[in-house]
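Written below as structure tokens is the structure these notes are about.
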Amino acid sequence: MAPPRGAAAPAERELLSAGDVARTIARMAHQVIEKTALDGPVSPAAADSGAGGDVAGPPLPPVLLGIPTRGTPLAHRLAARIEEFSGVAVPAGALDVTLYRDDLRRKPTRPLEETDVPAGGIDDRVVILVDDVLFSGRTVRSALDALSDHGRPRAVQLAALVDRGHRELPIRADYVGKNVPTSRTEEVSVLLAETDGRDAVLIRGQ
Amino acid sequence: MRDLLTTDGLGRDEATAILDTADELKRTLLGREVRKLPTLRGRTVITMFYENSTRTRVSFEIAGKWMSADVVNVSAGGSSVGKGESLRDTALTLSAAGADCVIVRHPASGAPHRLSGWLADTRTSVVNAGDGMHEHPTQALLDAATLRERLGGIEGRRIAIVGDVLHSRVARSNVHLLTTLGAEVVLVAPPTLVPRGVEQWPVTTAFDLDSQLPGLDAVMMLRVQAERMRGGFFPSAREYSIAYGLSEKRLAMLPDHAVVLHPGPMLRGMEIASPVADSPRAAVTDQVSNGVHVRMAVLYHLLAGEEL
Amino acid sequence: MTELLITGARPYGEGDPVDVLVADGVIAEIGERGAVRAPSSAEVLDAAGQVLLPGLVDLHTHLREPGREDTETIESGSRAAALGGYTAVFAMANTDPVADNALVAGHVLRRGREVGLVDVHPVGAVTVGLAGERLAEIGTMATGEAGVRLFSDDGKCVADPLLMRRALEYSTSLGVVIAQHAEEPRLTDGAQAHEGEGASRLGYVGWPASAEESIVARDCVLARHAGARLHVCHVSTTGTVDVLSWAKGLGVDVSAEVTPHHLLLTDERLETYDPVNKVNPPLRAQRDTERLRQALADGVLDCVATDHAPHAEQDKSCEWDAARPGMLGLQTALSIVADTMVRTGLLDWRGVARVMSERPAEIAGLPDQGRPLAEGEPANLVLVDPDAEWTVRGGKLASIADNTPYDGMRLPAVVTATLLRGRLTAREGKSD
């Protein structure tokens, strides 16, 4: 439906449909499997022991930590796909970064969101941070700080459903669902069934 | 939120937001080796205690430090306060020296309100850490956090506040907060320790503790404040203890799920029998640990948002 | 002697406007507009639309001199009084040193005369140093130069019943009045505010109404047995009104005053914690103010007295408990009475003259104050514009201190001129 005449409704465009979102997550799952060698010999028994770090042998599967709000369901979906494709159970959780943000004083007080680090912890594991949109990189920086207060991962990787550019910090994603060139004034929003009732990625111009 | 002066007028949403933040902080810090968050780095928090209180001051100090604020303690004894400087001058001095937040305990009711007025044109927030017989909002918040944890919620729960209600700022703050959160509050005290005009409060009042016990979800024992007592409010400690002390026999009259709170310091034997204080039904140590998380949450809500 | 012609004023706000010629300190002539012949040298005061009243008399003022000249002096207080429409004030004894002897009382009287803006009458202390232990030299103060008429330990209660009995008995031979600050100290230990729901919720130590009422009842009984006159300062509670009705019904020779602030302000002010609202006795509940207004209209309460109490900034700009009790009152009293009593229809201007001039003069035994507006009477007068309004500003009041609880409030009735024995002491808000 066309916006009413005279209304300055910003144009909204769908970048990814629900089907696109599902296919994108599936592709990212394959990339994770490949990059973390989950298609190689993995010890499922060691996956939950949490003590595998100093034992020679197959590496432990990575831990996926979503950055709330929408990174959390994304991490769980990604984990489910990875298990489906590789047969390896991958722990997934959430890491709230609010307390580590550098822009708290610029906005009204934010409510804290859930942090849920899987039982095995993150020490000596590969941690993959999962977020919906990668923009300035400041959220990821906050997440790296938060992560270091929870333990010492062997390596940290980053997965983002959408990378819209305009980085303000030297941060790069290891897994990108879709690169979207944007202008700073545009707004990219990811909708997920868990939080918004449907899956889609939208872009709104100014 | 700019200041935390009372729970009177603190909205349900606002109170719940603080309690939720406290819960999240508690979960976040649970089992961590490094209990330090960078959130308030570079912010300066000053505690100004005109009454002795190790537990509250230390709780605020830990809360500030776990949030990485710089915490400075000013006590009435070792500062110009002791030399007769006015509260106003002290507050303006501390504000000018860079305090983002002043946490004040004062024997005069309303002293934090006065501070807040004097500091209205500055960026310094004021937290009431107990003023006279008026309020002690963070104590009520930590009590509410403990009750939520133990009872799964506060809405519809029946909670008795027992003892020296007249002189108790803890009682006042709890009356406002618990009723705002939907609890049914009953004050139990001898007539001499029931405040005037209590019939206009959103509570019921009873003189007899025993008849209340079977219907309670929680019982909050108050400290008998000898220092605020002017004239005999009851004949003897023994008679008070017989009528209002929480004995083992009374503990047994409570429903099994009911929880016992005490803001401390406890007068064992008089207000609460030692075995009751040490029983798993008593949440006294939970109250203390929740106190730190609630105070962190308060500092977060005051200092981590946009400057107002 | 200068002559002054007041034109177009309405005495007591009644009847047609008249012209009033003042000469040699007395009312020389009152006549229809234009009918009064004045010498050409006479100053003319256009008072069209204004109300002419006898000069106001305040039985209860704190002028702070000697001792706290940083807050008020007899000079600054006299100016405030003149601007407020007063021609006589009684300066309370709780100065430093206390006016418990003829020397201090004489100083206050002389200093008042030197300033000359209002008749300043010293109040003598009932007990030495206001300590409530032994009687001050009441006789010496009464019969000496100062001619003290009124004795009070105001600020403190003469709590010892035996001492109060003796003071009342002793006063009968001197024709003086004992004015009691009614506050049972055992019931007000540490008290900060009216004991009610507000104080309970806000954590103030309560000042119970019973502390006032029990002393008033006791003193009425003592006065009855002593055959003495008793004056009750600043009545603040409904119960005290009941006690006074009862005592007056029994024929006890008791009079009572109420302050403007107890007629207007209530303990709702406690919410602010601002000690500008701290006063003793404390601001009471709404129902008390309503009862006090009614009792003033009915005559159970005889008069209005200001309890004008200047305090230094540092004694108010602090936490409530540390603040001194008291508030300015001289320049706002008439306006508050206009607001609470005239606007509400409880009193007409003749009634105002009764409660603010005639009765207080009568209680204190002042022969030349509170007199009728009639030819040959002393020209102690005040002109009031009943329709004008003004906004109170603490810093603009004549008192050295600023502690008015009415700061920023818009009040009715403006004093346009005050005459003390025919001389203008205040005019259009200015006093020389």
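Of note:
We just call them A, B and C in the order they show up, numbering each chain from 1.
To be clear about the criterion, a contact is a pair of C-beta atoms (placed from the backbone, for glycine too) under 8 Å apart; a residue touches a chain by one contact, two chains touch by 3 or more.
Since the model is a prediction, treat every value here as computed from it, not as a measurement.
Using CA-based centroids throughout, the chain positioned farthest away from chain C is A.
Once CA atoms are averaged chain by chain and compared with the all-protein CA average, the nearest chain turns out to be B. Contact tally for B-C versus A-B: the pair with more C-beta pairs in contact is B-C. Averaging C-alpha coordinates per chain places the centre of chain A 77 Å away from that of chain C. Remark: chain B and chain C have CA centroids separated by 45 Å (rounded to whole angstrom). The distance from the centre of chain A to the centre of chain B, each centre being the mean of the chain's C-alpha atoms, comes to 40 Å. Among all residues of chain C, none touch two or more other chains. Those residues of chain B whose C-beta lies close enough to touch chain A in the complex are 1, 17, 20-21, 24-25, 27-28, 32, 34, 36-39, 300-301, 304-307.
On the side of chain A, the complex with chain B involves touching residues 96, 99-100, 104-115, 145, 149-150.
Contact residues of chain C toward chain B in the complex are 186, 189-190, 192, 195-206, 208, 272-274, 314, 317-322.
Of all the residues in chain B, the ones that touch chain C in their complex are 8, 86-88, 106-111, 113-114, 117, 131-135, 169, 172, 195-198, 200-201, 230-231.
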